[in-house]
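Structure below; questions to follow.
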């Protein structure tokens, strides 16, 4: 095996560009996934069947079909009748929507995990529904939810290279592009692979630590 | 599963093996009109049609398509996923270091897909620089380098998977122009009234005209096959059959050439 | 879409997807059990090495690994894998890492009393693992394995980017030929969903058999919704063993 | 779920008066309505009628948990519910607290229907607003404390007064400090519930309910989740409250001595019915029913 | 964890004989070693010494659970351990079954060290092989039965004989059928444990232990997880085994009548020490220690 540091050096500037795009995708995707997931979770608890049912169906469908195909769908199909978006924007939205169906589950489990007695105590104190959610239920749910959400951020990180396939130049996209031009495959892809592990491992350590911290009141 | 690596025979014995099998696998990138799958799900295109004729004459009856992404053609060839790249791939020095080429079967100018009426009046890479128009091209297309050579910042070029995406991107106003070979562009714009093709133009790199001449690529070890292929190709050229084969795909006399791979591979 | 496209590309594509799913599931299962049991080993070195495997492949992105196996490995090692096997291997190795967590968790959930009963009857460690602990842990693994299998099925779409002609690859090809994106992508999304549904049904049957095998009554099935719902278990918030194969 | 509209038996014959209209004069009558089997003296049935259950039935599936129940509680009185497990005691408190809804019959608090309101002379299912207005009068303490673990003791005591009663935070904290003094936990105000013992938590829960200044306090086996050595403290506190405030108390307990101490009336439940209701002296010393006698023998 | 090597006090002064060397003649001496407070008759200390605890100490963290314990059990005798909760009875059985390891001291079974073996005259920590060889002599029945839920009753009884003793499946099944007949569960052989009552499960567990033909049977409160009406059946079975086999039994139980029936010797534990050991007649009727008297008053 011949490892060429010169190739690495040549690739590095583009690599850093890719890191930036990966970070943007991750950040944007996380924001969408966290907020949209909460919307799903609340909708799934709705009393109205015609809200609950479609939301359940849609999230179930999105969660059980491949992100890659969803990205293709967003990239190629949506612009036919909707707004046209850059590959990065498409990627961010795709990641966000896909993972929102996972975070919805996380929120749901977190909310269901708050003991029924808490709801009853809130009723007995005559707290309004809004105050009950804001002061009692969500603060308790969040502790269970945060570590699990963190896990999905790491998962999203590892799925983020898919946006390279629709042309967003994240780390993998840059490597692919660079390789196609120079026919140097080993160094760029190895570098990117290591980068993912180097980012993901401390992140999961952090989450495990967080989990322990938040486990108790 | 391991794929057997290339054998050591001088010049390779691939042709004999292909004859034995009766099939040859050709790599295509799904680019109309060079090599693609048609509505019927069958292999066609300028290069595959030439390949079919030549391999028939070489004693290999069936030509099996292996569609792949353009950027994976050379790695795929080297990885023995297919035996020949039959995608109208441009011959250039970089690629010549990875694979060996037949002599070119066509030469090609570039063109842009632009919005109908070409509102920005784009007709060369220099125009893109001057007008600040947003340019797109396909993954690993040679046009990217031409544009960069003309002064378009590399990071400003949107890389799309293929010309259909390019056509849609232009139609939706995501980019102002999509750069491809004149024939690719001509073919794809025919399907959408919102876009049109510019006049073909000659790209320049460092003042030199960048000649887009496409041929068939083989693994570097398979010189025997390449030479046999070349011989048949020359016969087709001389007899004029070549033009007849490729005419249905929009090629004309203008695209015929006598250049050799050797000239094109020279840095 | 014409019959030719459907027949020459889509149907083989479905078959390829099924093959890739089965092969990579087999590899993932083997890895899950090997690494999962190794992580409960008494020997620190075995635990350490299997732990490294787990962290490494849990941190790796399946797609990047697939690219590496496809593009870099042939150059680095001088020999290459058939594309489908590069894909299968990448999926099997990464999803096996998640699976090992399922195995480890289920083994840890076997009551210590069972281990002690095994010692009292003088079984060897291996006999205890194979005859007592794994058979008891197995039914508990099925629901999370179901989720993982669905994640794996979704993951198989990635092989299309290394030109393995699976469902997604065929869809791209058809999109290209017909220049129509909406119908084909909609169709294949439904196809994946149907495949995921079939996996879930199959796993339910498996689970019923497994539960019967340890003398447990089969889980009563819930309402219509739970029948349609593909995910099992509520491990998400716990964060330990998780459905997210993508983790 | 039936509403008064589709259940004629339940519709009151006379429009309930908004202001309490019961005078001592009609109290014995009310008491008769309340407990069919009440005999002899009914000293607890005097004054303003504050709670009235009329023909209340509650089912879970096919199981009838409360069976056509009628009784009244009078302002400032302390009523204790006793009876075997599963007899429906908790269900009564939960109905009053609107945690569950009755299947039939009506419940009134100070003359207002709990789950219905009058509009243009017609009885319609109550809106959230009406329910909250009535609920303001009731406080509840649970067996499992149900303190909010994400808030300090002080926040537990002030959150509802601020959000519901609209007190300023200063006022609410002032009130909370007084209550903490009463329950003898002044120094705990900055702690979280998990840092307190069970007995301390239950005392905070009592203070939390009192912070809302309810007219009625519901207590559901408030000592049965506590370690034996912590029970006394909580009971002493409740005795204090019973003797020094005019709050109406509806208590479920297995602590018979405590029940004897504080009750004006003890009601014996069995199978969702009131078997008998009497002063503690009468009920504990000379119960009418053999079932009551058996039960008392078992628990005393 | 200390091994005999770094703990001189523990190393036996004379090399333990592989073959049992204790004769009736030195039995009283052994009995004295065994239980310092044993007084009067020691009829249980005759015959071959089969278990010997010597200066065994076991700690969990800083808590000393067994404190420098010495005692012996003789072949075919039935010894019952009694004592308050937490006194270390279970710990003794678990040490013998090698489920846990002693911190100090040595345990010998038929002269062999449990966790050490002699090699070239030196005592070294035992290999898996040696431990399994010694362990073959011991069977154990647990409070919670611990049957294998993934196997039928028949498989529960045959798995270990086949896999560990190397019996053929036919032989093992033959043996299992005899045992099932003994425990009166012939018709249950194809059932899974979850389909049996607690009492039936415990009888299967006893049969499973016996299927290995152990010389020593350890029984840890085998009836205390059973519903009261199922206890008698299991105790009767054990009485049967005690009276009709020559198996050595070490029993922890709270069933004093049972202990009286079957024991040759009853040992009273407290705080990890043997308070006294005596025949059941002596211990139950006329205990030496007031602590024993108190304990017996509490449980009888």
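Letters A, B, C, D and E mark the chains in the order given here, with residues in each chain numbered from 1 onward.
Here, a contact is a pair of C-beta atoms (placed from the backbone, for glycine too) under 8 Å apart; a residue touches a chain by one contact, two chains touch by 3 or more.
The structure presented is a predicted model; accordingly, all values stated were derived computationally and were not measured.
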item	value
Third chains touching both chain B and chain A	C
Per-chain CA centroid nearest to the all-protein CA mean	C
Greatest separation from chain E - chain, by CA centre	B
Best-connected chain pair, where connection means C-beta pairs in contact	A-C
Distance between chain centroids, defined by C-alpha means - chain A, chain C (Å)	20
Distance from chain D to chain A - Cα centre to Cα centre, in angstrom	48
Rounded Å distance between chain C and chain D, as computed from the means of their C-alpha atoms	55
Euclidean distance of C-alpha centroids - chain B vs chain E, Å	84
Where chain A touches two or more other chains at once, by residue number	76, 80, 165, 176, 179, 185
Chain C, residues touching no fewer than two other chains	71, 161, 175
Touching two or more other chains - residue numbers and ranges from chain B	75
Contacting chain pairs - touch in the sense defined above	A-B, A-C, A-D, B-C, C-E
List of chain C residues in touch with chain E within their complex	111, 113-114, 116-117, 119-124, 127, 131-132, 135-136, 213-216
Residues of chain E touching chain C in the complex	97-99, 128, 132, 135-136, 138-140, 142, 144, 146-150, 159-160, 163-164, 191-195, 208-209, 212
Residue ranges of chain C touching chain B (in the complex, touch as defined)	2-9, 70-71, 74, 78-83, 85, 161-163, 165, 169, 173, 175-179
Chain D contact footprint on chain A (complex, rising order)	115, 117-118, 120-121, 123-128, 131, 135-136, 139-140, 143, 216-217
Footprint of chain C on chain A - complex, ascending	1, 56, 60-61, 63-70, 72-73, 76-77, 80, 102, 105-106, 109-110, 112-113, 144-145, 147-148, 151-152, 154-162, 165, 172, 175-176, 179, 185-186, 189-190, 192-193, 196-197, 199-201, 204, 207, 211
